[in-house]
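Below you'll find a set of structures to go through.
Next come two complexes built around chain A: one with chain B, the other with chain C.
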Partner chain A sequence: MSFKDVLSPFTAWKHVLETPVTIKDPLTREAADRYRGFHKNDIELCIGCSSCEAICQNAAIDMVPVKDPKEGDSGLRPQIDYGRCCWCALCVDICMTGSLTMSNEYIWFDEDPDAFRFIPGVDAKSWDSSEKGYRREGGRRLSGTERVEMREMEPDLRIGNFDEIVAGYDRAEAVLEADRCVECGLCVATCPAHMDIPDYIKTIREGDYEHGLELLYNSNPFSEVCGRVCTHNCETACAARHEGDPIAIRWLKRHITDQVPYDRYVDIVGKPDLAKTGQKIAIIGAGPGGLTAAFDLARMGHAVTVYEEKEKPGGMMRYGIPEYRLPYESLDRDIGVIEAMGVKIKCGVRIGKDISMEKLKADNDAVVLAIGLHLGRSTRVPGSESPDVEKAVELLRRITAGEEVPVPKKVVVIGGGNVAMDIARSMARLQKQRHGEVGITVTALESFDHFLADEEEVVESREEGIEILDSRGPQEVITVKSGKNKGKVKGLRTWRVDSIFDEKGRFNPHYDEGDEMVHDGEMVIEAIGQVSDVSLLGEKLTEALEWNRGRVKIDHDGRTSEPWLWAAGDCVKGPDVINAVADGHRVAQSINQVLVAMREAKA
Partner chain B sequence: MMQAIYDRLKDRFQLGALDVRSRKGLAFVDLRREFLRPVLTELRDVEGFTHLILLTAVDWIEDERFQLTYLLNNRQKNLDLGLRLRLDRNLAIGETIHDLWPTAATYQRELREMFGIAFPGSPRVDEEFILEGWTDMPPYRRDFDTLAYSQQTHADREGRETSDPREFMKQILYPKD
Partner chain C sequence: MSKQKLSEMTTIAEILETAVGFERAAEAFYTALIPKVSKNVRYLVEELAEEEAEHVRIFSELAENPDVHAHMADAITRPHADRKFSDAVHTPELGDNPDDQAVLQYALMREHIAMEEYTELAANTEPGPLHDAFQFLANEERKHKAELEAIYYQIVHSGGV
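Coming up: the complex of A and B.
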């Protein structure tokens, strides 16, 4: 040992007057700024999707009721048991809204172990307002935020024909999109038919398409149709929409139906092996509401006959929705499955004319009214009685039926909903075929901020060369006043819309008369809404039934005030396919209960 | 600079492509296990990579491989170089380098415990590191079910109850459907 070795320990004495780096009172020491301490949750931002609970590797999180559920929010909030939490922050990293974060607070004394189980954001804590702590960094997400883009036919290729525009996902694209789903199930409540959305998306990931198809048709016999044209309310409730695009639920549904060969459908959907009940049901109208009820009732063992006025079944799905959105063969495939369940569809039969309501009532145990909304409403502005003024639904029907329709070079459409877009785009195609160019102006009452038609319809219409003007109120259909063309339509005069509703919320448009425009056109098409053609009911039944604002009054299950008559679909509820499907299910359940009771009463 | 070092070594040691995507002054390269020791020795003694920053592993369970990453630092030139080596996951035996860097023994002991990768000859490699009395599968292996382990090992506090969002919404919003 050298002399230096003996002395060297004493060199530490040179630090004796420096400020110590150790801390006198460690219990009041603040943690690092990004320390992972007790959780915070922004209760208003949180949607109760339970992704935090699902990812927790210590089962430290329970979802507990905190408020009433509503669309896109389960009303549940995470409760954390700090006896199990390991502070790993996976829950913060997965949080779909960014509501769940961590404070940097980690010191807390309490003699009651249950105090360490609480609902962040609901049970107030001293660190709730703390800015420090851990939160998921800006750009980082565990689940993908961008929707896999859907391939579509280019505008110049599609405008001259009625071919389907959307290509559908291939397997790789669908798996990528399905992978973004966190399986929270918030969408299920919002879907009118409560389809098993997370479950069928899962079958895509697993490649088990037959099981996927089974799940689809369990809750929706028009899955192939809805995979193309559903209004997809589910996507507005999707947890992924808060920090990215919602999952393309509609396209994933279509992907499943695309993957399974049609000859397997009936086997997979399955026909329950039930004894025939011997009870008979007549359904008026072969649209989505009527046929869904027929599908369910046939599967329950009843004898079901559907009466359809038109040449082919499908209702608005065939005669309203254009073929470029929904090819007829897709519709026919779904209807084929329904017929395979034993449903008889009689087309070209008008109830009230070919068969009376009285006879239907006498020959059947129950009757369902599912007649849809097939009469177009009129603006009743001056000139609207001209023969060159058409109703959108009527024109769409004639185009589907293959009838000759007039196709002038310039057409003006009144309306801003999806039906207005459907007729504008259908006429644009016919114009392209006939004249080589498109000449359509759509005038909508609503401003683009409150537009009724789907965003994608507006975008695609514009791509196809259609002019869309917002906030224009129709004042007069201008006609030729004299000469050999007297009475022919020349165009539409509109004023700018200042407001649509008055302060009491009633429809009462207010115009800026100084802002007048005349839109040239040899045809004006009204697409401002539809009503039911209830003339088939006859005077006696019309009198007997209870009504509600022009619609037949029904109870929750779709039963009218006449005990033998139920009503479903657009004629009593809002106009879309999935609501009609949901209605069909509801009515079928209700009828079956009544028929079972009738059988039991007889026995 | 990194490229020049790589060019000097790549042919002799059959190195994979130089991956420089992460940031300036940091690169990764794949190598075969028989070249591990000669490459490390050359990097340390000739190229100035005198510091072993860390030794860690990744479980590529789908490929049935463990990846070992040796991250080295050249202080003079401020360069970081990661060497990546793949081991058969079913025969997870690595080569000890504690004689090149004594700190490697600690990393190897950790990898033995957390991934179950053996390093024969490494000092104290079979002694417990941080898991005391561990009898289960090494917990950093991806087939280790953390949640199941947690549930078997720790009891729930009494009175815990959870709701599934989908069922809860159904119960309240549409009980009749």
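Coming up: the complex of A and C.
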């Protein structure tokens, strides 16, 4: 020990006369303005995405139920345990909505140790109204806010053909987009088929596309199709949409299918090694609902035959959706997987004509009605009976079938939904091929605020030179009254729609008769709505069945009032591929339960 | 409906009783149509028959109500706007087995004609109890027509997504 070591403790005495830097009364001292104190949560802004729970390194956050879940909101809210929290504020930084913040309050006395585990925003605290503290400034930084743009064929290149418009992501683009996903899973609840979205997105990051494909086909045998034309409701529930673009879930799904060679599909999807049950199921209609049910039932060991009236399977996916949105080879790949499960598809068979419903019932253990919505509605305005007035769904079918269709230079379309856009864009392509220019006018009853068609459809239609007029009510199809062209269509007369819905949101159109327009056209195409062709049921079965406002009545599982008959897809739920897929799963489960019970009863 | 017959009425009760007769005729028409239409469309015709029966009940009760004029005067201070039709509706030939759209178009046109005639009768009547009675009936038909319009859109214009 040196002499200095002996003296140095006494040198501290030199500070005895200095002003102390410690705080005499720490209990009343306010923290710095941006101090990371106790948590606050805006309970209405929070969507319960669990990002805070996932990022917390101390497992200090648990998501607990506080309200009923709804679309885009799990109903869960973070509960914070101050026995674990280190106030690092990662939870605040990752928060997808900016609802989670921290006050600058840091003093809390309580005798009950459990009190320090609480739900901010639900359990009222004195700091709830505190303005100071820590919050994430300037938007999200830990997860990207901008969607990777999808490359599309330019309008002047695509208008003369039916080639697919969307290019698909390459690997780099897909990984960038997948990286934005925080795996909250809000999308899973919203997807009608409850696809395992966060997990298949994760496979993109990991480059494990075969596992991704397996996950896709576990819940959706039309993954190629849905990767292109799904209505992607999942994206409306995406947590990322709150301060940026939602994740491009649909395009990421497509990316997975693009990466896996088709000859690997069946091996990856797998065919369960089950004994044949010996039970038979007939399915009427080879659309998404019918074929999904067929896929599931075949994988359960049943013998499934699908009867399709048209020349090829696919239903509205083939005969309603134009090839520039959904190439037929993509559809055929999905159908090929379904057939590989042992499903027999018999095309060109009209039930009710070639085979009666009675025979189907007699020859099978269960029958599924999945007939879609293949008949077009007509406005039935004066002049609509002219042969130059076509229905969109019928015209789309003829175009797909390669039949000759009339292609005049000027065409007027009535309707504002996706079917109207599909037929307008298809006819525009045919006009371009035949006449070198596009002459299409779309007149919709709805205003752009209430438009039924997807926004991207409207944008792309306009890019292709199609005129879209909103708020126009059809009054008359104008025809030539005399001469050699008597009866030929000259155009459509419309009135302006001032308002379309009443204060309760019910349809209640109000017209301005003074604002009349005549839209020139040698053909008018009606695309206002569709209906099922239920005539195949026959009078006896139609009478026997219970109905629900024009549609066959079904229970939760898709079973009709006739115990041998189930119904699925557009004909009972309205038009949507992914909803039809979900319906197919539902009826397959229900049928299987009944068939198992039948087998057990016989045993 | 007979405009001539109604224009000869001298009391509110008479007008309402005559209107009840029209509604009864409509109810009978729809009731007779029920077995003719396919079962998947039958709900629509049944609902129309029920609504006409409801009109019969309302008008009959009003005719017997001593405060009928006060009631109607209150009702017509809240007039329904005439909204025309979503598609330019013209009365279809219903035939033996009409579909849902034909039934709805028929019903819409029937309500429209009734509304127009009551409105015209009101316009041709001096202000007072009889004028108010016609206004009241026109308003009732407008309300019914608006309800049918909403159903028409739901059935015919939905699905074109």
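Criterion: the second predicted complex is superposed on the first by the 569 of 603 C-alpha atoms of A that agree within 3 Å, B and C clash if a C-alpha of one lies under 4 Å from a C-alpha of the other, contacts with A are read in each partner's own complex, and residues count from 1 in each chain.
In this section, a contact is a pair of C-beta atoms (placed from the backbone, for glycine too) under 8 Å apart; a residue touches a chain by one contact, two chains touch by 3 or more.
All figures in this text were calculated on a predicted structure; none of them were measured in a lab.
Chemist: Quick check on the chain A-based superposition: chain B and chain C, clash or fit?
Modeler: Taken together on chain A, chain C would fit alongside chain B, as the superposition shows.
Chemist: On the chain A superposition, what angle, as a multiple of 10 degrees, is formed at chain A by the C-alpha centres of chain B and chain C?
Modeler: 140
Chemist: Could you look at A:Gly185 and tell me whether it touches chain B, chain C, both or neither (first, second, both, neither)?
Modeler: first
Chemist: Taking the superposition on A as described, I'd like to know which of chain B and chain C A:Asp68 touches: first, second, both or neither.
Modeler: first
Chemist: Is it chain B or chain C that touches the larger share of residues in chain A?
Modeler: Comparing touch counts on chain A for chain B and chain C gives C.
Chemist: Quick check on the superposed pair: does A:Pro382 touch chain B, chain C, both, or neither? Answer first, second, both or neither.
Modeler: So A:Pro382 only meets chain C here.
Chemist: Once the shared chain is lined up, is A:Asn58 touching chain B (first), chain C (second), both, or neither of them?
Modeler: First partner only.
Chemist: State whether A:Ala527 touches chain B only (first), chain C only (second), both chains, or neither.
Modeler: second
Chemist: By the touch definition at the top of the document, which applies to A:Arg140: first (chain B), second (chain C), both, or neither?
Modeler: neither
Chemist: When the two complexes are placed on top of each other via chain A, what is the minimal CA separation of chain B and chain C in Å?
Modeler: The answer is 25 Å, the least C-alpha separation in the overlay.
Chemist: Which chain A residues come up in both lists, the one for chain B and the one for chain C?
Modeler: Residues common to the chain A contacts of chain C and of chain B do not exist here, since the sets are disjoint.
Chemist: Which residues of chain A touch chain B once you look at their complex with the stated criterion?
Modeler: 48-50, 53, 56-59, 61-65, 68-69, 74-76, 81, 83-84, 113-114, 117, 184-186, 188-189, 194, 198, 556-557, 582, 585-586
Chemist: Show me the residue ranges of chain B that touch chain A in the complex, using the header's touch definition.
Modeler: Listed in rising order, the residues of chain B that touch chain A are 146-147, 150-151, 154, 156-157, 160-166, 168-170, 172-174, 176-177.
Chemist: Chain A touches which residues of chain C in the complex?
Modeler: On the chain C side, the touching residues are 38-44, 81, 83-90, 92, 100-101, 105, 146, 149-150, 152-161.
Chemist: Hey, which residues of chain A end up touching chain C in the complex?
Modeler: Spelled out, the residues of chain A in touch with chain C are 373, 377-382, 392, 415-420, 445, 452-453, 473-476, 495, 502, 506-511, 513, 527-531, 534, 542-543, 545, 547, 549-552, 574-576.
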